[in-house]
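What follows is a pair of complexes built around subunit A, which joins subunit B in one and subunit C in the other.
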Partner chain A sequence: MKIAVTKEALLEGLQRIQNVVSNRATLPVLTNALLETTDTGLQLTTTDLEVGIRCTIPAKVQKPGSTTLPARRLAAIVRELPSSEITIEVDGENIATIRCGASFFKIYGLPKTEFPEFPIAGEQTAITLKQSELKDGLRKTSYAISSDETRYVLNGILFSLADNKMTLVATDGRRLALFDTDVEFPKSHERDFILPTKAVTELQRLLGEEGEVTISTSENFAFFELSGTFLSSKLVEGNYPNYRQVVPGEAKERIALERDAFLNCVRRVSLLSSDKTSSVRLNFTRDNLDITANTPEVGEAKESLTIKYRGKDLSIAFNPEFLMDPFRNLANEEVYLELIDEMSPGVLKINTPFLYVIMPMRVSV
Partner chain B sequence: MEKIRLLPDEVASQVAAGEVVERPASVVKELVENSLDAGASRIVVDFVRSGSQLIRVADDGFGMDREDALLSLERHATSKIRSAGDLATVTTMGFRGEALPSIASVSRFRLVTRSRGADAGTEILVAGGKIESVADSGEAPGTSIEVRSLFFNVPARKKFLRGEETEAAHIIHQMQSLALAHPNVAMTLSRESRKIWQAAASDDLGVRLRDLFGEDFLRRLLPLESVEENGITLSGYLSKPGESRPDRDQQFMILNGRVIQCPAFFQPLREAYAEALPRGRHPLAVLRISMDPAAFDCNVHPAKREIRLHRPDLVRQAVYLAARRFLERLRTPAAPTPLSAPAVPPKTTEPESPPAEPAPARPKNSGATPLPLVAAFEPPPQAGWNLEAQTGDEEHFQLIGGLNNRWILMQGPDGLVLLSIRAASERILFENLRREMQSGSVPAQRLLIPEVLELPVKDAAWVSENLPILNTSGFSLEPFGGNTFKLEALPSALSGRDARSTLLDICELLRASGSLGNPTLAGESLARSVSSLAAIEGFSYEESRARQLVRELLRCELPYASPRGHPTMIQWSFFELERKFH
Partner chain C sequence: MKVIHLDMDCFYAAVEMRERPDLANLPLAVGGGSRRGVVTTCNYEARKYGVRSAMPGFLARERCPQLVFLPVRFDLYRAESTKIRNILHRYTPLVEPLSLDEAYLDVSASDRYAWDIAKEIRKSICDETGLTASAGIAPNKMLAKIASDWRKPNGQFAITPDQVEGFMKDLPLRKIWGIGPKSAERFAGKGIQTCGDLQKLSLPELVRQMGKWGEELYHLCRGRDDRAVEPNRIRKSLSTEQTYLENLTSAAQCERAMEDLVSDLLADIQMSAADRRIHKAFVKIKFADFSRTTREGIHPSPDFETFRTLLLEAWKRKAHPIRLLGAGVRFAEEAREFEDAQQWLDF
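Coming up: the complex of A and B.
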């Protein structure tokens, strides 16, 4: 195989795919990127057997062929090359010769035959939406994913496709973020699947503000195609908890909060609730919100916010991190907090389809 | 039917010997105790092979004149008590008057003695209890006894002796006990004329410990200042938290100068260390206990190893409190709570201070040693792993970096310190949780979806019994019929975990700790289990995070061990490092 490619194109391609590559892969070939010539250029593929990424970059194919080369090393070399024009020539032994101006590199690869098959997308179930929309949805939900590996069902985002809606749900059992958006698709495409955290992270990195993304699934895989890049991911097996039962009924109080002001207050107060087990308390009185934290032998903090509040005095405690997470990831100026009483879940809403349910903490004073 | 007859003295002696002389080590014990009672300042013990070939004990004590020497071989002849009334207040090692005749009746026995001031000594040879000769001899003042061919006339007993090495080990252990009980008497132990150890006379138990067990052993201990509780005075050495053994072989209890074995002493010790040691491990201890001789009866066991206490509860309490305070003394004098600061008396104990004259005859490791020899026995601050001075002030630790995301490396005042992130995190969580439980305010994180759990019968029973404790510890559990419970909240430290497996894990941990079904222990164990589940394994090193962890750890009451007893920090002293690279 022999190709000529520009440094910029090759580097961009490698940067898209190289994140998946693990330095401690179980199979040596998984640290490599698969290079294959196509009619129009060079196709690059990496995989860790769970998530795979494939993209094609423009290249002049002088002699078709394929090989696998160490992905990170290749990227490091390309990044440092002096000029734009690069030729890569691979011999029958999978030894690649890279020439660029006066630079010359020789790196050892492994045959393509050792590289795992890239799963094939199921065309029939494809749905298409704007990249920006999916990106927004992932941003508004992904922080609520559980990181506890024993709860593998929660180690990802639930994609629920039903009634011309795509709903994204993430939860760790204490709070739940839900986003939905209208997408048109036939009834036959309706399905629920759980996309693992790693794929979510990669997808967030790959998604841009322009263009569209097509999502399709097979029995055990999901596929995302965006601007010529493919991402395939194994699905998390198991049943996602019934998130609908979590959303509480009618709220007693609906309080409008100014996002930045509230976030800053909670952040400052949480400085005195040092560890992850601690809480901040929201005390609502007429037109006023006091946010307090108190850690024995450390100290206490209090912030006051002027709000519109006409309900009964109410005091409720939350984990400050759980409270701040959505505020950090929402763009809206105004966020509504809905409460029932101090033992019932709180709900955050904005003017677009989004919902965040947060369970209070019981702390005796 | 046979008529009842009085046993001939010889046979009676052999019967008694069966009790007193169980094995070669008991001969050593009886003879050395006699030497001690005779005011010896120097005792030399030598034995051949398992000791059944030859045991020789020589002392420089009072010695005996011929009349006494002969009398000493009669049963129940003793200089130590005169009437039954004396038994209650006996302070000498022996008093039953059984030892010498018993030993003499089962061996070839040679007694050479000369009382101080006497012109000549006496040599008595006995074989199997029969005096064979009595002659003059010209020895130095003192007594020397040789016991050869032990049990040569009691084949039944001989058969029950263990292997040579086992019997030798018993002798060595016996001598260690005696030497520990009497540091002010110089002792030498040799086997086939090869010295096993030589211990100089010293008032300092530390010197004795080093002579017997070596420098490294001493390094694992810290002195226990003399304390009095319930009329019982305790002093000695106890192991540092984290130092332990799987058995009690290195626990020496010395009651009024006699090494004894009594559960009333070692049980409370284990309890005091419960939090500082893993299950199944025992602290090292050399405890000197003095109490009114009237408060216990040592005439229970012929070898006097076991004693009967009149008020075991008082003894238990005294030992427990002493050990507990010893451990607490090592804890942080936490900066924000000045209350605990006075609990650390800055004074050094008088009894433990080194003698004015350094102990003689140990020039071996002078040169390179950074500390003066005896200074190592002093209570901190100069001693090796000095938690007392280090904790409470994180300034003593200079962060170096992380190791494999699981340990933090630090430079301490005395060397390299490795901190286990997991153990430290467990300790911090544990103390927070315990504090919160005491004040009844454990934050409980409510669950989005309450879980209905069906538990195995045993676990369910425990959960039902302990619902009140569980529900003040951050759980929110309701009986849901049968073995089923509805779980609505978890302690916030655990809230990210799967509720069902968390509850099962808690039951499992409690069962492993033996406190399932023991409601009084349940709270503490619960805190221990929760912290063990919630502790973080590690994190990729960030200075601010590491500093925070160290600070929080040092703020803990017992910062040096995780609640399950694993050490949180270990140290390689500069001295050790120096030696390793030498």
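Coming up: the complex of A and C.
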């Protein structure tokens, strides 16, 4: 195989795919990227057997062929090369010679036959939406994913496709984030699947503000195609809990909060929430919100915010991190907090389809 | 790494035999006192008749009519277990207890031969408690555990790093942790009987067939296991499951199967986690089409009725033949203050 490629194109391609390669080399070929020539360029693929990414970059193919080369090392070399013109030549032993100006590198690769096969997308169930929309949905939900491996079904985002809607849900059992958006697709494409955390992270990195993304699934895999890049991911097996049953019914109080002001107050007050219970308390009185925290033998903090509030006095405690997470990831200036009483879940909403359910803490101070 | 797996020989039965020398030479079993009592442990005399642990009491009596069936006395076993653990701690702080009668020791830091340490530990246990133990010595946890079974009872066996390859080659697949009778049967159907046979499958091939577990198997069947001995490992959950040779098709069948599982589970909890606070109970189902579902609920003291309800709720979701049932509990976190204060969504 022999190709000529620009530094910019190769580096961009490698950056798209290299995050997937495993650092622990259970199977040496998994630390490598698969390089294959196509009619118009060079196709790059990486996989860790769970998540795979594939993209094609423009290249002049002088001699078609394929090999696998250490992905991170290759990216590190390309990044440092002195000029834009790079040629890569691979011999029958999978030894690659990289030339660029006066620079010369020889690196050892592994044959393509050792590289796992890339799963094939299920064309018939494809749905298409704007990349920006999916990016927005993932940003608004992914922080609530559980990292507790004993509850593996929660280690990812639920994609629920039904009634011309795509709903994304993430929860760790203490709070739950839900986003939905209208997408047109036939009834036959309806399905629920759980996309694992690693794929969510990679997808967020790949998604841009422009263009579309096509999502399709097979029995055990989901596929995302965006701007010429493919991401395939194994799905989390199992049933996602029935998230609808934890969304509380009608609220007693609906309080408008100014995002930045509220976030800053909680952040400052949380400096004095105790490590053990880690809670901040919200005290609602007429047109006022006091946010307080204290740690025995350390000290206490209080912030006051002027709000519109005409309900009866109410005091409720939350984990400050759980409270701040959605505020950090929402762009809206105004966020609404709905409350029933101090033992019932609180709900955060904005004026577009999004919902965040947060369980209070039972603390006396 | 130098790991010793220490395993007491039919521990509960041995303690009873020591307490009751008059029964020492009779076939003896210790088991649950409940209606459907199972054999928890039995002595070697009873094993000659085909009595095995986890066997229903009636079947054990059928095989050995003169079997002496004694109720379990956990307080007594726990006291002995503490004595034994104290002995282990004289040799290394890296002791990971698996249950009352089993533990891993990491003795890599010692400049003595692990073989001699194991021998000395077994002698101390015997001198101080009158009980015998077997030991496996190997470069990792998995091999140490297999080795402790090799010269049982009252013996020890070592696998040195240069013997691993040869040892694994002929080792029946069934000896690998996680390979149950059903998986062994499935592999046997493909002509794979030993770890050596399995070694012929490439990693991508195994992963294609078994997913993530395939990746683990790839290493295990080569005798590789990089898990560390964790002295403070806190068990997050305890569960038991069973794959059925014939699918369960009716609610009644499922309930009967669940009853067995639950009595095993409750016995396990008694044995290895009697001091832990339970937070949740869960039921796991694998249907004949390999789809899975779980159902869990907050139950600080689950009983058969708890699991029966969870089972029926889970089964209703699909009402499909079942190939595997599991029942388990999740323990409350140790950081109690926080966990108690934070409320959970009610799924």
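One rule holds in what follows: the second predicted complex is superposed on the first by the 361 of 365 C-alpha atoms of A that agree within 3 Å, B and C clash if a C-alpha of one lies under 4 Å from a C-alpha of the other, contacts with A are read in each partner's own complex, and residues count from 1 in each chain.
Going forward, contacts are C-beta pairs under 8 Å (C-beta built on N, C-alpha and C of every residue); 3 or more make two chains touch, one makes a residue touch a chain.
Small disclaimer: the values here were computed from a predicted structure and weren't measured.
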*So if we stack both complexes on subunit A, do subunit B and subunit C clash, or do they fit?*
clash
*asked:* In the overlaid three-chain picture, which partner chain does A:Ser146 touch, first (subunit B) or second (subunit C), both, or neither?
replied: first
*Pick one for A:Thr113: touches subunit B only (first), subunit C only (second), both, or neither.*
neither
*First (subunit B), second (subunit C), both or neither: which does A:Pro296 touch?*
first
*Could you tell me if A:Ser188 is touching subunit B, subunit C, both of them or neither one (first, second, both, neither)?*
neither
_With both complexes superposed on chain A, which partner does A:Gly173 reach: first (subunit B), second (subunit C), both or neither?_
both
*With the two complexes overlaid, spot the stretch of subunit B among 148-156, 184-192 or 454-462 whose C-alpha atoms clash with subunit C.*
454-462
*In the superposed arrangement, what residues of subunit A touch both subunit B and subunit C?*
150, 171, 173-176, 241-242, 245-246, 276-279, 317, 319, 343, 345, 357, 359-363
*Which of the residues in subunit B come into contact with subunit A in the complex?*
336-337, 428-429, 432, 435, 439-441, 443-449, 476, 489, 491-493, 495-499, 501, 534, 548, 552, 555
*Please name which positions on subunit C make contact with subunit A in the complex.*
203-204, 207-208, 211-212, 215, 218-219, 236-237, 292-294, 317, 330, 335, 337-338, 340-347
*Which subunit A residues qualify as touching subunit C in the complex?*
26-27, 49-50, 114, 116-117, 150, 153, 171, 173-176, 234, 237-239, 241-243, 245-246, 276-279, 317, 319, 343, 345, 357, 359-363
_Under the stated contact criterion, what part of subunit A meets subunit B in this complex?_
146-148, 150-151, 171-176, 241-242, 245-246, 274-279, 296-297, 317, 319, 343, 345, 357, 359-365
